[in-house]
Amino acid sequence: MKAYRSILAVLLATTFSTSAMAANVVKIAITGPFSGGSAPMGVSMRDGAKLAIAGINQNGGINVGGKRMKIEIVERDDEGKNDRGALVAQEISSMGDISAVIGTVNTGVALTGDKYYVEKGIVKIITPAAGSASMTQWSNAGTRNLPIFRFAAYDGIQARMVVEQAIKMGCLRVAILHDATNYGVSGRDDLLRQINNQGGRVKVVTVEKFAIGDKDMTAQLLKAKAAGAQAILIWGIGPELAAVASGKQKLGFRVPMIGGWTLSMSNFIDTAGAAGNGVLMPQTFIEDESIARAKPFIQAYHKAYGVTRIPSPVSAAQGYDAALLLAEAIHEAGSTNPSGIRESLENLKVAVKGCIADWKKPWSKWDPSKVETHEAFRRENTVMGKVQNGHVVLANPADKIVLQGKMLNK
Amino acid sequence: MFAGISLGLRENTVERIVRTAIFIGLAALPALWQGQYALGLLTLMAVYGVLLIGLDTTVGYLGQINLAQAALFALGAYGTALAIGAGASLPLALAAGIAGALLPGAALALPALRLEGPQFALSTLSFATLSIIVLNECESVTNGALGLSISRPLLFSLPLDATSFYWLCLALLFVAWEASKTLFRSRFGLAIEALRDSPTATDALGIGALRHKVLAFAWGSALAGLAGGLHTMNFGYLQPAAFGYDLMVMLLLGVVFGGRRSQWGAFLGAAVIAMLPNLLSNRTLFSFLVSFGCVLTVVPPIRALLSHKVPLFRQAAPAIAMTLAVTLVFFIPNVEEWRKGIFALFLFAVVVGFPNGIAGAVTATLRQFIHFTPLPILPATGGISSSKKTEGIALRLSDLCKSFGGMRAVDNVTLDIGQGETLGLIGPNGSGKTTLVNLISGLYTPDSGSVEIAGKRPVCGSLMSAFSAGAARTFQNLQPFHGLTALESILVCQQGGGESEAMGWLLAVGLEGKARIRCSGMSYGDLRFLEIARALSTRPRLLMLDEPAAGMSKPDIARLIELIGSIKRAGVPILLIEHHQNVVAELCDRVAVMDGGRLIALGTPNQIRRDPKVIEAYLGADDTERDNMEARQC
Amino acid sequence: MLKTENLRAGYSGDDAVRGISIEVAEGSCVALVGANGAGKSTLVKALCGLIEPRGGKVLFGGKNIVGLPASEIARRGISLCPEGRHLFSPLTVEENLLLGAYPRLPSFGPFRRTASGDLRHIYEMFPRLAERRFQQAGSLSGGEQQMLALGRMLMARPRLMILDEPSMGLAPILVKEIFKTISSLRATGMTILLSEQFAKSALLVSDRAYIIERGSVVLEGTSASLAKNPAVMEAYLG
Amino acid sequence: MNLDFLALAQMAVSGGLMGMAYALVAYGFQLTHAAGKAVNFGQGELVMLGAFTGLSLSGCGLPYWAAVTGAMIAGALLGWFVERTAVRLALQQHNEGWVLLTIIVGLFWFSAAENIWGREDKPFPVPWPESALDFFGISVTWQELAVAAGALGMMTLIELARRYTMIGIAVQAVSADQDAAELCGIRSRTAISLSWAVSGIAAAFAGTIIGPVTTVGPTMAAALTLKAFSVAVVAGLGSSFGLLLVGVALGASENISGFLLGSGWREAPALILLIVGLALRPQGLFGKKIIRKV
């Protein structure tokens, strides 16, 4: 009984403490899959964002209209499931005191859940979900005053870079391999669209699919080989990509493999081993301490979470920068009111110095006919990365300037 | 221990009042608990409620692990989504959803329901995987992995906002609940209940297992389709991957958690799986629930300790699990990461602590405290009468043989029973009597030889076919329908006719006073009489009684003799296997004696009593006949 | 050696054994005689721990063994040859026999060698089993199966053998053979409790007998005296 | 045509070799089903935990074989634990609760693994080369050979132990007739626990041999378990030889149908065959017919 009473006391204390503090804090929600298959991305993103927020809180919080307010984080695990994502969105949007949301890894979750934020006008920065549909759904619907922003190199950009890379390497007959998820299929569609844009220069010899969990890609690769593919353009996540790389090696099928940014995740690089060497992918961030801008972030992350390598560096860096941008927007808005934050995100006055770049007005006023208005990344601040002996390096060393750079002017 | 409160109402009425009150409360809830989230949870709960009531038809009522419900849910959802895409109105779209799940569900049921246990589970699992593959691959129709987005159609030109959509879901849940309840209270439901307890007995009594199972599965599928339709309209976005193994497991857990074979259980399970994982995101609530659960679970082991007994592992296990959960909640910095694990501990405690689910535990407790008015008992009509008298032969066996392994259980048996005749079949244990009855009633297929019942030749090895020829039987090892009352056991067997006729049969065997008692609570002797009443209620042309007096007390045996006598007088031909010689002597016109699978004697009871072969078979060999044995050993 | 006091046991529902007290002296052969369904099998199962008695005591060598698991009772020296034989049908004849001696044999290593003496003894007793030692037990004929069941029990070198309806389901000629085996076992000084529906044969091989009807002992005495008692006959045919 | 034939042969060989892994996990199902009529629906989690244990041990600098042995010991403990905590309880309560309890225990393992080892997939280092061998134009990796040999070896070893040690024969006796086994002085509960422990060993070992192929992560074995379950039921939960045959056939058929019909459909033909096959032969291809008794 005594134990029970003390537990009750703890419970009451937590209830009261949160409500008492509520007035002096900015509440930000972070959502994403923190368990299950896409958890490495979700957790890295969350931890990156939390790192940024911890730094802000250490410096006394955000100056909101002259008052120093600390940031309080509400975490919700959407498990990468659409239904759960919708409920999380409903929960957050009905909490009433949430200023903004950062998160979402799975495009499907964005498609089911984001409408609840839009209804309430709550600002959300999507990162690192790159599927095109999560923004195009709003342009198709013609939504005005959209509070959804994206902070990730969306698949349109990535697909374009991948196709351009293939052309640059002289591979005009390509095979497209993709996983059977929303991510893979929409990546496939983006690739096909970009290849179309090249006006018949590139020929797709075969399109093959693989399921999550498939470890034997012999069938797909044999077909690609038989069709005479000169390059493999691939869209998928993690271990399956590694299976393709090892399968290629096994069949002695030596053609370049180019794909989405997920090829930089450790679950691909470590698993593929030597077979992964030479694989190319667009990158917004590389976990390379020789890049001066990235070094403090990388070191802080390693220290804070006791790791020697970030599970998904791109997600972590994007989460970090997104949180910084959000904090700046809240400061500039001078209130925790979502519509104010949306407006100031669309018109950021001060360049935010992030670990990826100096972000100067990354977004502009939403125009349903141009999704780019709410997309932060451009072709210019994305580089091609290459796997080399277990690390991602720049495919083109001259690109280093992009990652160092202080660019991004509109 | 407790006197209990008498409400002066029937249990059914009370249940209905409570249920209606809860639904009214739920409908009014959005006014109190405002916000989209609350509505979202409540809507999800209503949708899952419909889905789980559907799942409960197989998992609860049929007692089979069904892993296809999530896929049927998906098919329903896609049916509705495609119909909406084609411009269908809301009712039409829901109908499309129901059809989308019902048709494949019925197609699966036909082969799958011949199976049981792991085999059934596997074929439903295969179906589920297959459905998801089809949804994923037919991109031109379903848009594949990219998913379908739809907007909610109008209901009779009325736009539905979140609240009215919730009301719609709630109303449909109420309808599904009521319909399921009515269905499972009907003869159909009784049959389902009966065949779960003993599929052999239901087939032998002509109830027909497969037909009922397929219908029940189809009903479950239809509800899955309906739920799928609602789900589509609720979230507005569909993706095949969302209906995979995880959802399946969650649904299964929901049904067991809530309590099987009860719409209340399905509802509570739905509330738990819709609400709990989401509500548990709230740390305060989470800690509270887990601590409260922990306190609840330590009661049984403490109680055991107080009465100076070492608590059983079964009693202690939930407490251990909950203590572990509490430890995790209070000592792990990031509870969100351990959410699944803590949820698992919570479930473990409930499944072990309440094997019948929450609904089962609550009902049992309530029945202890509250006395409900029992259902009225209707006056009896009918009873044993000589309705069917045909000329000729009731049973003809020619050269029947059956062996198991190296053993000839029935060896070349040829036997006739005339109309109105009572034939006794006796013989020592293991002489093949029951095997013979199993051959006649179609449980076993004979190796050779033929069976003819009342002039018809049933298909060999088919219980149903032997039944339609007119054979009805009782079982040596009782096959009662544990979940049914005595009255229901008769109702489910009789071909038409109402409760009063069923009462007539009970009256005939002297069980009229126990009409409302469940078989699981009846004594051995009563169950023997009930089996006879069950067989009689099918109005058989051949009645086979397999050791009806086994385990009966002396007065019961006297009653039995009287009963069989009256059946005999009504002209029903009887094959009676019995050990009690006085029963046989008193009732049988002729007696057949089996030994080692062979028929060794046939004659009147008096002839048989004096037959030296029979006496030897019963009393065993004399050691004096050595020569015989030595001849064999050479 | 074995003594029960007011033993009650049963499955669901009523007790099938309603307070039975019997006694088996060392080196004697005691028969339980009664018709089908009289409660003999239930009594025997309760003795061996296959079902838990609902009341009463079972004393074996002076110690109460009620509540012990069947395997423990078997290890103390009571060996049951169950009704319906219950052989391990997918296993070979020899494996079945070896299993009889399981508690004595090493779990790994040369168990066949350890058991070879006993095996030879059994094969001498039942030459048919030696012929079929590598055949599956399920493929044997009824008589051979019963021999195997007896053999398996003997492999355990029991202090008390309980035979439950060894004659069940056998042709009369085989029944004679089984009883011959029982009487030869008895001659070796083995303590035997025999539950049997064939009164005549059972009374012939036993020293003492209990006549059981509807879960209670209705008559007891030396076998010779019971064999002459017309009430025994009555218990069967009337 | 020639290329197609060669390609089909290549598919069949790769699929068949991986199918051995299905057979090994299915063998684990068979062992526990024989002993106590229950199977572990959380077997995939045991595979995963075995792989993680092996990974951690080899991370501690132990040689590969020592790590595998350690994983097998862990597997045995986990298998025993599942039987003791979940299955026995449910069977005592006489309901199908064991299905759920094994799922629930699996869920807990999953969550624990996520938190102990992290959520990412990790590679499993192996002592054999990554290169491929070439047999008449069909390439086979050392890894595939290792999976096949490991699965075959493990199954043979357990099968030998079952047939040629007294304790193995006793476990078989318990599966055949629990009461009769008790009467022979065999402690049937211990025998059942032992079966679960051995089943856990098989699962953990399977984890260590497929770990290098699938990479080691919390979700690594989800698909594998379902396939293994199919193999076990189709083969008939009674024949270890049947398991191998069905496992190899399933692996090969998946690959071939993926090649012929498109990779999204790779599982479809096997699933349809499975439903039809079970409807025609419920006891499984190699199972014995069950006689109903009343």
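Going in written order, the chains are labelled A, B, C and D, and every chain counts its residues from 1.
What we mean here is this: contacts are C-beta pairs under 8 Å (C-beta built on N, C-alpha and C of every residue); 3 or more make two chains touch, one makes a residue touch a chain.
Just so you know, these numbers come straight off a predicted model, no measurement behind them.
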item	value
Chain located farthest away, centre of chain C as origin (C-alpha)	A
Interface ranked first by C-beta contact pairs	B-D
Between chain C and chain B, distance of the C-alpha-averaged centres to the nearest whole Å	38
Rounded Å distance, chain B centre to chain D centre (Cα mean)	32
Approximate Å spacing (C-alpha centroids) for the pair chain A, chain C	75
Chain D: positions in contact with at least two other chains	111, 114, 222, 262, 264
For chain A, residues contacting two or more additional chains	35, 180
Residue numbers of chain B (touch at least two other chains)	136, 337, 339-340
Chain-level touch network, classified as line, ring, star, complete or other	other
Complete list of chain pairs which touch one another	A-B, A-D, B-C, B-D, C-D
Chain B contact footprint on chain D (complex, rising order)	33, 39, 85-86, 89-90, 92-93, 95-97, 99-101, 103-105, 107-108, 110-112, 114-115, 222, 226, 229-230, 233-234, 237, 262, 264-265, 267-268, 271-272, 274-276, 278-279, 282, 284, 291-294
Residues on chain C engaged by chain B in the complex (per definition of touch)	12-14, 16, 35-37, 83-84, 89, 138-142, 144-145, 165, 167-173, 175-177, 179-180, 183, 196-202, 204, 214, 233, 236-238
Contacting residues of chain A [partner chain D, same complex]	35-37, 39-40, 43, 180, 208-211, 213-216, 218-220, 222-223, 226, 238-239, 242-243, 246, 249-252, 265-267, 270-271, 273-275, 311
Residue ranges of chain D in contact with chain C within the complex	165-167, 169-170, 172-173, 176-177, 179-189
Chain C partner contacts - residues on chain B that touch it in the complex	405-407, 428-432, 523-525, 527, 547, 550-551, 553-554, 579-582, 595-596, 609, 616-623, 625, 628-629, 632
